[in-house]
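Each of the next two complexes has chain A plus one other chain: chain B in the first, chain C in the second.
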Partner chain A sequence: MHEMTVRAEPVAGVGKLIARLKHAGSASGALMMLIVLCAVFAFSTENFLDGANLVNVAVQSTILLLLALPMTLIIMTEGLDLSMGAVLTLANVVLATVAVNTGGVSLALLAALGVGLAFGLVNGTLVSRLGIPPFVATLGTLGAAQGLALVVTDGQSVVGIPASVQMFYSGAFLGVPAPIWIAGIAYAAFHGVLYHTRFGANVFALGGNREALTLAGVRTRLYLVAVYVIGGLMAGLAALLLTARISSGHPTAALGMEFDAIAAVAVGGTSFEKGKGWLLGTLIGVLAVGVLRNGLNLMGVTSAVQVSAIGLLVILALMIDAFRGKQS
Partner chain B sequence: MKTPTLSSPAGASAQNASGLQGLWQALPDPVRSVAFRLLALGLLCLALSLASDAFLTTTNIVNVLRQAALLFLLASGVTLVILTAGLDLSVGANVAMSACLAATLMKATGSITLAVFAGLGCGLLIGIANGLLITLLRLPPFIATYGMLWILHGVTYWFMKGETIHGFPPAFRAIGSGHWLGIPIPVYLMVAFLFIGVLFAQRTRWGQEIYAVGANPEAARLSGVPVKSRLVLVYAVSGAMAGLASLIFLARLNSAEGDIGEALTLPAIAAVLIGGTSLFGGVGSVFGTLVGALILTLVLNGMNLLAISSNWQPVVTGVIVVLAVFLDNLTRKGDRK
Partner chain C sequence: MTIPHDPAAPATPRVPILELRGISKRFTGVQALDDVSFELHEGEVHMLLGENGAGKSTLMKVLCGAHTADAGEFFHRGEPVVIGGPADAQRLGIAVIFQEFTLVPYLSVAQNIFLGREPRGRLPGLVDHARMRREAQVIMDQLGMTLRPDTVVATLGVAQQQMVEIAKALSQQARIVVLDEPTAALSDNETEKLFAMIETLKRQGVAMVYISHRMAEVFSMGDRITVLRDGKKVGFRMPGETAPDELVSLMVGRKVDMSYSRTYCAAPGELALRLQGVSARSGIQDVSLEVRAGEIVGLAGLVGSGRTEVARAIFGADPIAAGRIEIFGRPQTGGPTQARRLGAALIPESRKAQGLALIRSVGENLVLASLPRLFPSGLFSPSKAAAQARELITRLRIATPGPDRRVGVLSGGNQQKVVIGKWLSAEAKLFIFDEPTRGIDVGAKAEIFSLIDALVRKGAAVLMISSELSEIVNVCDRTYVMREGRVAGELARDAMSEEAILTLGMHHA
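The block that comes next holds the complex of A and B.
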């Protein structure tokens, strides 16, 4: 509660430093998990520590980071977006269809962002205006997006993605892979907005201090809609990387990916109930999930089973969190 | 039955409007809420019988009842969970895992009894695990059961290894596809569990305590209700009902693969919410869920009859979920004024 007030009104200097250090405490759990996972896979597989594989982990984690960043904001407002994976899937098939028909990127990306914007607006409106609990509102839109992805493609894959789209995943600039640039810029933008603007301060307050925020004359509903809209738009952007990565549009491409994002946020130490979050924690969480999937891949474990491991990782993280809560 | 004002239009027209209105308002809230839904169900039947010749055929009605029975059995457990202001997102994955376990054991040993106990037991244990995560670790229910969903998903794929098991003994398949006096076996189960569910929720102390926990957990705790053990109980029941549903589903499909039943979560929750059980706890009924299951099944059946692609089904179900909660919020706000 105390650090909340520090965050809500970001005063420079000592208070800010203390708040950061406290968060470092909750993120150190995530960092420990990441290190343990790396150590386990370094011993149990031959290739994990290869330079090429580590670059691979980073590149593969970029799509997840694009989802986990806005998911952090949403969870900080005591919300949840279960529709993110399905919206990403719908944006993927829409982007692929437009790209195949126009042969270019710009219109296709606009269409994907449009899909994200529309679902973000609907989610935000359902949650903030109609008072529907976030997990049910977004469960409903999950069904809608999943069904629409099937309707758009009639259950078929969309192939023939132009090279101009593919280079967003396989290309490089100044020797750094393109997806890393995109994810890096996105992270920097989220960091800037969350920690250095009034918007960010209000998002922090939305979780723990909504009443106070409303009394202070802040239009909390608008902020809540904005947070879900950001989630939708980031799913639209992530669709560009996903489409480039799999070179196709597929009606089930990213179903369930919201779980990876929620897991990354949970592992990163963002709380589901108290409006506390830390963006760097989410980055560590994304890498932990990425390392876990990559390591299990190297061990020949199938994707569906990797999901179980991620579930166990989340429960472990929440247990550590609960234990810390009891201690302090 | 509970809607005398609606079923006797002749008598109603003789009364003056304020008398009719007064009678309607004198009805207890739960009765009015169910009456509304029965009216909606009746209108839906009328619309469908006008829209399609195939609707009012014995085959189709039996088919609708069979599907509604499966949905109701799954949703009745979820109803108890939602009555406590919780949520069980793991029921679909629970059905998948319980069905696959039962199928594997039946193939390996040939024993139907073993398979039935394994399916029910597996569902029950998953439910208890949910309850413990929520009460001991104090995880929010939607997070705990959502995590459980994906854990079960992975474990099921792991032991099925992408294979399909099919061809079960006729005695087992009767649970899902058998008939007695022309009525499918699952429909008998539906009626039986409707009685058990209504009696348990309305007439037993445990049932009343579940309502109390949902309405106000703090007040329930202070008046001596063992809140944690009631919470574990509702998740255990929800899990066990998923286990039962998995057996019926397995018997009807006569085959099992890793994703069997996973698409049932959204419809099950939809049936509960359409039936008038509030997400905020303490308000709702198992009978309402039966009406909800019938309404949802009829909508999906109607789409089938009108040759609308099944791809639209999750879209429509999702929209219905959101609409149901929205309307519930509206009526509740109206009551407060």
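The block that comes next holds the complex of A and C.
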């Protein structure tokens, strides 16, 4: 096992984890928020701490994690992908339509991944080749994907999802829910890629010092495109879980989901400059957002108010980090 | 892994490791390099001197393949070669250590050293971290670096980052290293370490091009000296056969008088600025000083003695905890807006960060601080703004084709004039200059000082912070010397000398 400082390595003990959190500094805001949120909901609701509810929080957070993982890489390159929620929505309706017509999973999943790949390529090309600011480029593709989702479905829901799709959300393997397996494998894969491959080192460098990468003879544009393509593909994969979860394709299924993903990444301590990022922080951020939504649900707070609460969460987490940064 | 050493290298007659013949490079409207020839031998430190804009950076970029020369030839150990891109330069073993580092902040030292050339792991795409750390350690040991290869670069100081940068160059088998003002950001102690490292490299036969503005190191470290001016090579000297005066005159192309013309103030006017017992959390304590109209008052002291903090307190950029600040007899209790209203102007140390909007035009920058005065109704008139800008461009002799030119493309000296013009336009009467000549070449310095002299002769008051003691001694009517956040003493015109200032400003053991 390698011992890179500041890096989230496979955890070999709570002490080591705490030491890493301290070292990382910027993710400690996220962990504090998560602990405080759990404490608040444990006292203010009756069944937050029930085993079943905690599993529920984890399962519900899986789709968000699938988006937040690639979003972390994208933000580390000083980029942004606003189209992720809309691409997920489009992939959802496409996957649902194909699944209903073929009665199986494989073609439907391939179609969803194809949608993600296409939008990832467009986003990456706009950003890296044409130099369009990521905010604007992905705002454009957000509109395109959202519009297409409405066109494909004519504004209607796609129903009649086969059981073979539904089991990806409701099924279990070795007693662990299927979506947790998928999210867990995805997290492990991202960890491996970010910390143990040349690709990962280049992601740090894309945001940290692109000039250095160019001078080292690395084809920076290719890597930048790849980061957005990964984002699109992950949205396609997330569509499988989303379709299984809502048992339908719906043209506004993941409306605004990119907001939750960006919020989770920001809460997790990944910075919008200099390539400062931390995958474990994103996991904590995703759980914080998931716990907040779940707890507010239990308290009967509407979904609209939840969005405001997540916004507050982001601001609070960043304030904690800013305050700590000032102190040191 | 070892740094390769060619045992057969210094044969006679010595073949230069790199030779440039007749290199020219033209950018739109500027001949950046004009028929420059240059020889570099193994194990030598070749000093490269020149004013800002003399062509040093262009030459450096041609060497590392970032620019391609329009004309001229390169010879590597006598063989003709082409440098058409970074890959060519790397293959020839040329590495450039820029002032702006090419390090990735949130990667480790080892990862930075091997960026883009990571040792491969068992599977394609994987990195062999253990081997990378080991090899980084070997290089760092050779250079006498005490850093750990796992340390994240963002946590390092400037000097350490520079060492990582050098280690990175050596790991690429660099035999030719170009150092761009390597000591500019280093403390004395760190500079010594760097010099020791340079000596180590020399012994290993590495050839170095060393760009410097500091005469002392030119003579202590240089084996040979080349001077550029306006893109041309104007001199080649051995350190033993020349003197600083000669090099400076080669650089500027005319004999410069190192003292600046100044009409010293005979009868100071009204009280422009008064500080009484000012303390602030930023680190200044019990600071009292006065500046009168017609005076240039120096604020000397070591870096970190609190000079900039005094300026920021006066301008209301940092809150004060105790004491009283008066500008033209009226209390300054607010922020920068109030300071401006009272007639004060701060020309900060970092022009780019604090003083100018670089991507905006010269004209826009010039009127930026005087919008309320020029347009009291709130309605903007482009023609009136342009007229005001043109007047200032003429008056300050700012070298720009017109007010529409972007400030960012001007030279440091002209940028500084734009900042001064901005405040002249706002009708400021008290000017606080923080390092007014930083990054400005010798010729432009004299112009800036004659501008400041003209300001005070018209009745303005000036407080000038400077680390260049010769500037304080030559320019100021009197000076305050700071030490550890306090005013250590005041020197009148006839008591001022570099020695006197240093004695007051030094930390007492």
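Throughout what follows, the second predicted complex is superposed on the first by the 303 of 328 C-alpha atoms of A that agree within 3 Å, B and C clash if a C-alpha of one lies under 4 Å from a C-alpha of the other, contacts with A are read in each partner's own complex, and residues count from 1 in each chain.
Simple rule for what comes next: a contact is a pair of C-beta atoms (placed from the backbone, for glycine too) under 8 Å apart; a residue touches a chain by one contact, two chains touch by 3 or more.
This one's a predicted model, so the numbers in the text were calculated from it and none came from an experiment.
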{"item": "Which superposed partner A:135 touches (first chain B, second chain C, both, neither)", "value": "first"}
{"item": "Which of chain B and chain C A:264 touches, first, second, both or neither", "value": "neither"}
{"item": "Touching partner for A:115 - first (chain B), second (chain C), both, neither", "value": "neither"}
{"item": "Which superposed partner A:312 touches (first chain B, second chain C, both, neither)", "value": "first"}
{"item": "Partner chain(s) touched by A:208 [first = chain B, second = chain C, both, neither]", "value": "second"}
{"item": "First, second, both or neither for A:127, with chain B first and chain C second", "value": "neither"}
{"item": "Touched chain A residues, chain B compared with chain C", "value": "B"}
{"item": "Contacts of A:283 with chain B and chain C, given as first, second, both or neither", "value": "neither"}
{"item": "Common interface positions of chain A, toward chain B and toward chain C", "value": "none"}
{"item": "Chain A-facing residues of chain B, complex", "value": "87, 89, 133, 137-140, 142-143, 146-148, 150-155, 157-158, 162, 258, 266, 269, 273, 279, 309, 311-319, 321-322, 325-326, 329"}
{"item": "For the chain C and chain A complex, residues of the former touching the latter", "value": "64, 86-87, 90, 101-108, 111-112, 115-118, 121, 125-127, 129-130, 150-152, 154"}
{"item": "Contact set on chain A toward chain B in their complex", "value": "80, 82, 126, 130-133, 135-137, 139-144, 146-148, 150-151, 154-155, 256, 259, 262, 266, 272-273, 302, 304-312, 314-315, 318-319, 322"}
{"item": "Of chain A, residues touching chain C in the complex", "value": "2-6, 196-199, 201-202, 204-205, 208-209, 211-218, 274-277"}
